[in-house]
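Read through the structures below before going on.
Each of the next two complexes has chain A plus one other chain: chain B in the first, chain C in the second.
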Partner chain A sequence: MADVAAEKAEKTEKAKRTGRAGRAGQSERAAPAADAGNAEGAEQAGTPWRAHGTDRRSTRTLRLRVSAALLTLTVLAVLLVPPLAQLDQQAVDLAAKLQPPSWAHPFGTDDVGRDLLLRCVYGLRVSLLVGVAAALTATVVGTAVGATAGALGGWVDRSVMRVVDTISSVPHLLLGIFIVAMFRPGVWPVVISVALTHWLSTARIVRAEVLSLRSRPYIDAAVSGGASRWRVAVRHLLPGVLPQAALAAVLMVPHAMWHESALSFLGLGLPTHTASLGNLIQEARGSLLAGQWWPTLFPGLFIIVPTLAVAGLAGAWRERVNPRRRSELML
Partner chain B sequence: MTRSPRRLPWGAMARLAGRRALFAGPVVLVVTFGVFAIAAASPFDPVKAYAGTAALGADQETLDRLRDNLGVDQSFVVRWWDWLTAALTGDLGHSPVMRQPVAEVIGERLVWSALLCAVAFAVAVLVGTLLGVLAARRPGSMLDRAVTSLAYTLEAAPVFWIALLAVWLFALQWDVLPAGGLTDTASEQVTPGQVASHIVLPAGVLAVSQLPWFTLYVRQGVGDALAEDPVRGARARGIGEGTVLFGHALRSGLLPVLTLIGSRVPELITGALLVETVFSWPGIAAATVEAATAVDFPLLAALTVLATAAVLAGNLLADLLYGLFDPRVKLSEM
Partner chain C sequence: MLEMRAITAGYARNAPVFRNVSLSLEPGEALGLLGPSGCGKSTLARVAALLHHPDAGSLTVDGAPVRRWRHRAPREQRTAFGVVFQQARLSADPRLALTDLIAEPLRATGRREDVTGRVAELAATVGLTADLLSRRPHEVSDGQLQRACLARALVLRPRWLVCDEMTAMLDASTTAALVRVVEDYRASTGAGLLAVGHDRVLLDRWCDRTVEWGTLTSG
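Moving on, here comes the complex of A and B:
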């Protein structure tokens, strides 16, 4: 029991250093597994309660392959279908409206006869673009803020982390709704509102990482070698935190996509002429009440599949980086 | 299993709550200020919002007088201070969309939101814990994989999408549950029976959206606990598998989950925003969305601040539970 207590102390210490990111902050919706891994990883080490060694490894490889294949397929479809297929997603065909899935229209058609498969691919394109833009913005802001707070320390660190705590006290979607409502629907308000609510977690991760790197001998060596503060930050600290920041960015894309879909679904997101997956589901509400399920079902699947694929890849990556912390992602 | 009743450390709890309130007060203040600052930075014009389409034909003089009457020609800091002092006396302004005072809107609707969230949360905790324990019992088994896969899929699925599919299945295909609202359209008054049948779908969907998180955490916690000495000892003494699972493993595995329950408030609010909208549930989350769509600033500002207060209260609850249930942590040191 003694080592458990020691680990506990270490964890509390770590929690204090990271601004109590776990509990006081908002636990991220998309990453309970990551949280669980962080919280329980230390205790789990050395207790291999899953004894199916070879079996587990083969499922892991399979999961990695399936995730990679799905993600590649998604990205290829989004990139290649619009320029290659000479098809108009807006082509209206009232004679073929609200047809259930068939060979001619694998996902069926919507209430004005547009092909839903094509609409979904275009919607995914919009959603993914917004997600990537928001995630990139959030990661740049979060890394800058987190690295500054961690590297400078002192009152800068304290006040910056207080700001982060304050912003994360407002539920993300609510803050997003507020911003978009005030700035009116459009692509940029959505990107900004999603980015503004998502940089907090990156800032916390980067700060914690910088704090742990700061005490390493190679940083001391650089400082005693006469390196300037700026040089230490850019040449020695930043490369160390970038992998973590990159992983956070990749994990953020599905989350940002989800956020954008929710805003669009509420009628506060993208304008209807740049229909995203959320817009598609919103538009499908009418035909759903008339009994047609396919215009609702397929756009949702287009949100789930990339999310699961990214989660699967991230889990595999985490296992490779830190094999001690067996990921909980078992799909 | 009888235990001597432990006396609750009321003093330490009160002190912790007091310390957190000292932190929460400024946070709420800053949030209200931020809300006014964002509004001031946005292209939103309160005069045009107030006058509606009438503003299109109005001359500049009328608009100016209106601006003066509404008090929006002052800087946002002044307006923020006015709002704040009025809010402390209970006057949160008037909502143009609901055509009634904001405080009244909140008072009427809060109870329905609280009911929905409480039912959904209780279901999520119970079912999530049960599934988590079942999955942790045999790691790597078919059941474990099915539960884990389902949890991750549900975690990835947007809650409004699940809600719509649930409406389609239960209300349209099978016609067993009402599709939305609080009561039947024909009914004049709110009866418990009506509410009970109308709450099933929204609360069920909200529970399903919160459930994966509990399932995964409980599975992790119980799985870890099953490998620890107390469980091994219990098994060695020949104690039945059910008692070992629910009496020993669950008790220690549930600890991290219990203490994190309070921090689920933001996700619950997010879920409620979407679920209440889909099911036309007359709660404050649906009112938030309506306020946002119609750019009803007084209502939106009040509800944003209210949600922040709820999140902070949840965090306090999390800290209290953490201190109460984990004997290794002292409340006075938090």
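Moving on, here comes the complex of A and C:
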């Protein structure tokens, strides 16, 4: 027991060096409380070192709040505008064609007089559905393949990764066109086509991460403790790669949306009368050259804003779930 | 009996870290292995604990020859070894609280019912308080984490302990406490010990016999 006391004494001394005398014990005790989601710890401490942490913390909270607000706004728009506004997004009004933004049409109108705000919301609906569904499918497939290759290693790893290399040597779009051309035009063929061409990068990321985790001594300790391969994978490896996989999934959402619009442009994706963000921007190309900026700008913003919001949320979440990083940031 | 004969091991096939090393331990014996940095003593410890497949040579544990390493080794053979590594920080899964860290081998081998009792018992043995047990690795000091790692190594009551520079990062009082825990465990169970390190004074006092790395290579 004497040595425990010695260790405690050493700890207080360390705390005195970093913190100010008198407060040291307090902030030492507050640290785990702050980790449990209690903000007191950071506010109690008055040292410059802590203050810096608090500063970074508040900018991160701001980013989190702005991202969450923007995302909530877009999701609400996507969910609520269509049933609430009893307006027809397909309603043509040639008398009001190509009008700049005004109170009647906040985003202006397109070349056949359809309200762009309404078209954008419907377009975002379709594009988000395609993007999220494709990204989710691709991430699940990629994580499964990458984790298997990384965890098993040896000839399994080598052959699986050569297959991945082979598939990714074919241009994405070409392979995507090949897959989508086998089905009738619609939402799900596009999802399948985008998902089947985009799991490769996730598989590579997850495999690399698993390989680096696999050589850590705590995996050795688990093996020595009698853990099966399955238990090592599920208990130690997967939780370690999930933040990376989630981030990869999020970054894939806009990518999937771009692929959807590319396929739509080629006439293989969504039917042209369906308002997707890709279709909207493609239709607006002509009027952009004539000086009408709004039919391109607003659908473009509708792609960028949710992308940034989701990326901000994912970054904040990643910092939160990675314990070591979390302690570095003094969260 | 732990017997290593003419072991050659390394991380690249053409460039082994060491060749032709032999070492044997009597049942219940404590052997200290001394050697300079990078000579391969940690690798030898990993081979002995069934964690690293040697390129050549044979290993016999308690009369049974070892043919497969890591996951391929039978579970009873793997869990006959308790391993403590040098860097506690890297040998603890950052996501597990110390309780779960210590209990993990019990859960992995399907002995869930023992968890509460065994963890409390070992926490008392190595000197961890209940408050510390609920924390995660980044919330405790290196010394406290190494205590938890030692508890994890003892939780399955291994017949052999492999301490790979267990105390290299620790201060004198913690070193003394951990060595005492190991010795108490050995006194009560008769387990053997392979202790690897640089510290001749410590190993001379701790172990029944110490050997220099240079004397192990034959031919």
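Everything below uses one rule, namely that the second predicted complex is superposed on the first by the 186 of 331 C-alpha atoms of A that agree within 3 Å, B and C clash if a C-alpha of one lies under 4 Å from a C-alpha of the other, contacts with A are read in each partner's own complex, and residues count from 1 in each chain.
Just so it is clear, a residue touches a chain if its C-beta (ideal position, glycine included) is under 8 Å from a C-beta of that chain, and two chains touch if they have at least 3 such contacts.
Bear in mind the structure is a predicted one, so any value in this text is a computation, not a measurement.
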Let me test your reading of the model: by the given contact rule, A:Ala222 touches which partner, first (chain B), second (chain C), both or neither?
second
For the overlaid complexes, name the partner, chain B or chain C, with more touching residues on chain A.
B
What is the contact status of A:Trp258 with respect to chain B (first) and chain C (second): first, second, both, or neither?
first
Can A:Val170 be said to touch chain B (first), chain C (second), both, or neither?
first
With both complexes superposed on chain A, which partner does A:Arg285 reach: first (chain B), second (chain C), both or neither?
first
First (chain B), second (chain C), both or neither touched by A:Leu116
neither
In the overlay, answer first, second, both or neither for which of chain B and chain C A:Ile179 touches.
first
Per the contact definition in the header, classify A:Ala203: touching chain B only (first), chain C only (second), both, or neither.
neither
Common interface positions of chain A, toward chain B and toward chain C
32
Would you tell me which residues of chain A are touching chain B in their complex?
5, 8, 12, 23-27, 29-30, 32-33, 36, 39-40, 43-44, 47, 49-50, 52, 55-56, 165-166, 169-175, 177-184, 254, 258, 261-262, 265-268, 278, 281, 284-285, 288-289, 291, 293, 296-297, 299-300, 303-304, 307-308, 311, 328-331
In their shared complex, at which residues does chain C touch chain A?
46, 49-51, 70-71, 75, 78-79, 81-83, 85, 87, 90-95, 104-105, 108-109, 127, 129, 135-139, 141, 143-144, 149, 152-153, 155-156, 171, 173-174, 176-177
In the complex, chain B residues that touch chain A
27, 30-31, 35, 38-39, 42-44, 139-140, 144-145, 148-149, 152-153, 155-158, 160-161, 164-165, 167-168, 172-173, 179, 212-213, 216-217, 219-221, 223-224, 226-228, 256, 259-260, 263-267, 269-270, 273-274, 277, 288-289, 291-293, 295, 297, 300, 303-304, 307-308, 311-312, 315, 318-319, 322, 328-329
In their shared complex, chain C is touched by residues of chain A numbered 1-4, 6-7, 10-11, 31-32, 35, 216-218, 220-229, 231-232, 235-236, 239-240, 323-324, 326-327
